[in-house]
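Following: one structure in structure tokens, then a few remarks.
So that you can tell them apart, the chains are marked A, B, C, D and E in the order they are listed, and the count of residues begins at 1 in each.
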Amino acid sequence: MLKVENLSAGYGDIIAVRDLSFSLERGQVLAFLGANGAGKSSTLMCLMGLVEQKSGTIKMDGRDITATKVEARISSGLAIVPEGRRIFPDLSVHENLIVGGHVVSAKIMTDGIDYVYTVYPRLAERRNQAAGSLSGGEQQMLAMGRALISQPQLLIVDELSLGLMPKVVDECYAVLQTLKQNNIGVLLVEQNTERALSVADKIRVLEAGNLTWSGSATDAKNNNSLRQSLMGIS
Amino acid sequence: GTIKIGFNVPLTGFAAADGLSAKTGAELAVEQINGAGGVKGDMLELVIYDDQASPKEAVPIAQKLIEKDEVVAGVSGSYSGSTRAAAGIFQEAGVPYISAYAIHPDITRAGNFVFRTSFVGEVQGRAGAKLIGESLGLKRVAIITLKNDFGQALAAGFKEAASSFGIEILSEYEYSIKDRQFGPIVSKVRADKPDVIYASGYFFTAGPLVSQLRAGGIDVPIIGQEGYDSQKFIEIAGAASEGTIITTSLDRDSSVAETQDFIKAFEAKSGQKADMVAASAHTAIKVLAEALQSSGASDRAAIRNAIAQTNLTASTGQISFNKLGEVQKSVQVQIVKDGQWHHHSVIDDAELLSPPSE
Amino acid sequence: MAYEITLLTTMAISVLFALSLNFITGFCGQISLGHAAFMGVGAYTAATMMKASISLLFVIPVAAVFAGVLGLLVGFASLRVRHDFLAITTMGVVFLFVGVVRQQEFLGGEIGISGIQQSVLGRTGFMLLCVVLAGVFAGFSLLVKRSWLGFVFDSIADNEDVSQVLGIDVAKYKLFAFVVGTATAGTAGALYAQHYRFVGPDSFGFVESISVLAMVVVGGIGSVWGVMFAAAVLSVLPLLIQFVDDYKILVYSALLFSMMRFSPDGLAGIVQRLLNRVRNR
Amino acid sequence: MLYLELLFQGIVQGSIYALIALGLTLVYGLLRILHVAHAALFTLGGYIGVIVTNQTGSLALAILAAMIVVGLVGVAMYKLAYEPLLSKPPFIALIASIALFIAAEELFRIIFGPYGLSYENPPLQGGFEIISGFFLKYGEALVIILSILILSVLGWVSGYTRLGVSWRATVTDPDMARAFGVNTQHVRYLNFFIGSALAAVAGVLVALLNNLVEPTMGSVPSYKALAIIVLGGLGSIRGTLLASMILGVIESFGTIYIGHLLDRDALAFGFLIVVLMFRPQGLLGTR
Amino acid sequence: MKPVLEVKNVTVRFGGVTAVDDASLTMQGGDLIGFVGPNGAGKTTLMRVITGIVRPHEGSVWLEGKDLTKLATNQRIRAGLALAQQIVQPLRKMSLLENVALACGFSKTANPFKALKSFDKSAEKATARELLRRVGLQDVVDAEPSKLPLGYLKRLEVARALALKPKLLLLDEPLAGLNQSEASSLADLIKTLNQDGLSILLIEHNLREVLRICPQVYVQDLGKSLAFGNSNEIMNQPEVIKAYLGES
């Protein structure tokens, strides 16, 4: 459903990713791996329309959304869990979720919020607390929840397990599995390589803005040199 | 040739309205003099600088007028702060300087080169006391004072003379020049139940003040001063302005030819009604021109001496100076009738109105 | 020539005043919208003393001390409030200063103090004194910028909390900046009183505070040379553009606006860009 | 009785402050700009109000015209003056804003003359007696009614509707708000439009109460409104409302009972400083 | 010998939430302790109590026998603490090198007068360069922080903390945001620092690395101290598994 061709993106004169192509089907998870500064976040933010796209095309269900605005991309079913959470600190937990449902009907939004509260009961407990005073991990749950409200077709997740305790990481991956079963596509950036390999169908490895390896998760697991470079000593 | 006269006046900032009147009045005087052949055949030229009514601007302007433009004399069409700061510079340089309508007593105290063609604030305040206590026979007064040098000088003079006219001051309120909303003062004054209100201000503060006093159900007489003296006051206060009485320098119903000529010429030139500020600036230029005429425009000390000898009928009346350079003349009392300023009375008490002489 | 001396004196006083604000706002990052109050304290102190025939050279340090003491108090306030809150607090200081001064009979009330005698230095000598004081403080500013003090100021201006975590006693540094900056403003105030030989409550209000901030920002916040240049030019600009007459202030504000809009880093920024361009050739 | 009247006068003044300061709060909340030129929009509102009333005789029409024109001017001001400065340090925009304000005052003077304008037939003159000896002028009643109405609608929208939540999200992190489909550009335009239109209403009303608009009419609100939004706790709508009322009442009593010690401005700022020393984040601000 | 750090019965409340509840912890000189616990357990809050950013409602903090509780943050830093924060806070208008050099110059920045007398920065810059090399940032020393990805800034935090030559280093999730090879090399660095004698308290959810380098762990849950001792033993305790690790 998502098809990206020859994408380059960056900030002013700086090019963060070069000539990147990939595609994703419904119900699939594609994981980007790579070192700090490889351009993973830049790629994701570019798909959302939040980082300048220098060249290339982006197609969603065959429709070219390259030149469209952010709002249009949301409407076509994208949603993001950004790096560093970027929750709205002055808004309450509940209001953060309301923003997550900005483009959908009130009904879908309310259902979405109920769903999130059942998945993350911790958030329900804190619904009226200012989001900025949540602990690091609680904020990550909120970021995840906020992206789910609009019932996206394609979920973009940057650093899912960042700062989460093992138990919650498990829960989040369980959510990803559910999404997969519901035929939703997921683009994932994850530093925890093992975790990423366990859920992903496809793997793309970036280095300094260039695509250096691509293949299926199984291929990746069996590729020793790749494992070596991504996981360090193991 | 031409004779240069320096003229500092607020053309921008909060005093720009008075500045425009003063400038027009002064220009009118110059046109009239030049039209009548100038001073011994030389044409007068005004060198005009905007001082924003600020001392900080006025000092370098005075210096520029004296040192760059080399004017023979200066006239201030500005308020007290800037006039006083400039006066020191003119005095030091030995250049005659006439203040058209600034009221602060220290201005002429800068020295013997400085003159004033209008009343010192205190004198006018005393006149106000006489007007209320004697002419109107009212005794219980509430004072509303504009909190700047103008208002405070008036209040000081008023209070000084009040007891000798049997006036009892019930209360005094102060407001700042930026205020236009007087609700609290109105409420309190109503509760004070005075016989009369003595309120200082400029037309842009007095207009709202008077209209709010009236709208607040207060119907006792309101006495103001020359700051009110503008058609604009009547426009702002509207019907509420009827019956307001002020002390000032300009008598609209005067039988003096100079005054009537000025009023007509000013209205023809500007399309506006004449006001006190314009008349005062007009007078100051006339005084200076007369002195130039009698002394020749070459020697500044001679010009000074000629000014000191002035005895002239101008648009604001009969002008002569005491030894400090203060004008000696009678105070005009005007009242608003049918939307116009009109003659009410004249206060002519040489002793009460005697300006400071040192 | 005499008029040029006046202009030079005006410029030098403005330069000193602007550099004093630059020390607080440009160096230490503490925005102040009420700096004129400190100049006012110095000016009133000096005016009162000079009226009592005390020599200017003795008056100046006393004015500096008085202003510095008030600066210390406001400095303490800066430890409580930050950023825009500090900006408005300092703005409050100037309104409070004007409001209090205008009620004090011994300071001349509404009317201010006039008739201050010329100093023994004469106009030229006084002009030289002003230029020297401005020069000395400019030299000091340049020195601070190069020192570790300047380095610490940069970090406080950048982020106070982080500076704390790096072991920096932010409060001490802020107070230091306030005291130095305000005492210098007090010095400029003493010079002002002598130069204009008049002080009144309206001479040190909000408008003056903004004008001096404009000098700092137009010069390029934190840049000593830029601020000096901007202060020198802006202080006499209204006099120089007298010829545009009725449009004087309009022109002035339009220039100020364009400067912010098109070169927000001030004259220093423009120079920097020009230099870069030359170098890249 | 007198106290009641003074209190009431304070509320009238407070309502005007609130109308002006609210627009400023909206702008500050969204863009962190101390928008001094807001006061120029207030003055412009006054001018339009007087001119339209004098031409057509209808105050309602004048208010409407002032709101629309001033609202659009506000949007233009944002577009031309502020948008390019958003990424710069805040005092850049502050100085730019002050420059704009001064320029506007000069333009008013040059275009409309230094003497100011008045209503030829001032509308809503007179008043009624609520209880004996206690007059309420129609103009003052209108001020209070309009303020309460406008403020409660705004408070409700920002606190309880999705639109309001999106607005506040844009305030804290515009990029992320965009990432969830909020059109931040529209939010900003709307913000400036509403804020400026409120200033215009205040301008018309003040012109009505004073029967005078002058080029320098904005000078008091220009800084006092800043004090109010800071006192209220920058960006807080309820805080702004509270601070406006408190200042209005303090000034009302202060003018009478301590006016000879401190003028209105010094009083207001003295109070501000005292409050900030105890609550550095303002009355209803959060940290 | 006095313990390097003692946290005695600290309680912190935010409104109705008790973030830290009567927590106590003692560290001996040379310890490397992994500080783990569920999200929201109050780890960061306790760390902030130790550095003085948050004031405890009850309890006290001692460094080498000295009571820190009443000292301001900067005084605690000078007493020998250093902190790398969970949410990175670089000085954005300075290069990485300057960020670290400023910290290196802590003896010159003790007060304004001292700072005014010092001009030379070369020694501090050299040290800063070396520290940045140790955390693997040698290639970006002159870069502006705002243009760097999160992982770099995390390491900058660590370098800056080391620049203060602390007796006790507090690290709040330094590994988060690094990929596994990067994380393990930073973890190696932490281990080396500890072997060189530095005491370190490490908050981290990356259990693999914690278990690899930390001999001891301290577990907190719901603001309370839950367990303290040998890493492998603690991690096998059922209540720790239940609160933290989950079933899998």
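Definition applied: a contact is a pair of C-beta atoms (placed from the backbone, for glycine too) under 8 Å apart; a residue touches a chain by one contact, two chains touch by 3 or more.
Everything quoted here is computed from the prediction, not taken from an experiment.
**Student:** Going by the stated contact rule, which chains contact chain A and chain B alike?
**Tutor:** Per touch definition, common to chain A and chain B: D.
**Student:** Which chain lies the greatest distance away from chain A when centres are computed from Cα atoms alone?
**Tutor:** Greatest centre separation from chain A goes to chain B.
**Student:** Provide the C-alpha centroid distance between chain B and chain D, rounded to the nearest whole angstrom.
**Tutor:** 36
**Student:** Find the geometric centre of each of chain A and chain E from their Cα atoms only, then give the gap between the two centres in Å, rounded to an integer.
**Tutor:** 29
**Student:** Distance-wise, how many Å sit between the C-alpha centres of chain A and chain D, to the nearest whole number?
**Tutor:** From the centre of chain A to the centre of chain D is 43 Å.
**Student:** As a quick test, compute the distance in whole Å between the mean CA positions of chain C and chain D.
**Tutor:** Once rounded, the distance between the two centres reads 31 Å.
**Student:** Which chain C residues touch at least two other chains?
**Tutor:** 102, 246, 249
**Student:** Hey, what residues on chain D touch two or more of the other chains?
**Tutor:** Residue numbers touching two or more other chains: 106, 260, 263, 265.
**Student:** Can you give me every chain pair that touches, using the contact definition above?
**Tutor:** Taking the chains two at a time, the touching pairs are A-D, A-E, B-C, B-D, C-D, C-E.
**Student:** Enumerate the contact residues on chain B facing chain D in the complex.
**Tutor:** 12-14, 16-17, 19-20, 147, 172-176, 178-181, 183-188, 190-191, 204, 207-208, 211-212, 215-217, 230, 232, 235-238
**Student:** Which part of chain C faces chain E closely enough to touch in the complex?
**Tutor:** 143-144, 146-149, 151-152, 154-155, 157-159, 161-170, 172-173, 176
**Student:** Note which residues of chain E are touching chain A in the complex, please.
**Tutor:** 14, 17, 36-42, 44, 86-87, 147-152, 173, 176-185, 205, 207, 243-248
**Student:** Once bound in the complex, which stretches of chain A touch chain E?
**Tutor:** Listed in rising order, the residues of chain A that touch chain E are 11, 14, 33-37, 41, 83-84, 122, 129, 133-138, 140-141, 159, 162-168, 170-171, 191-194, 229-234.
**Student:** In their complex, what parts of chain A are in touch with chain D?
**Tutor:** 48-50, 70-71, 74-75, 79-80, 82, 86, 88-91, 95-96, 98-103, 106, 109, 130, 146, 150
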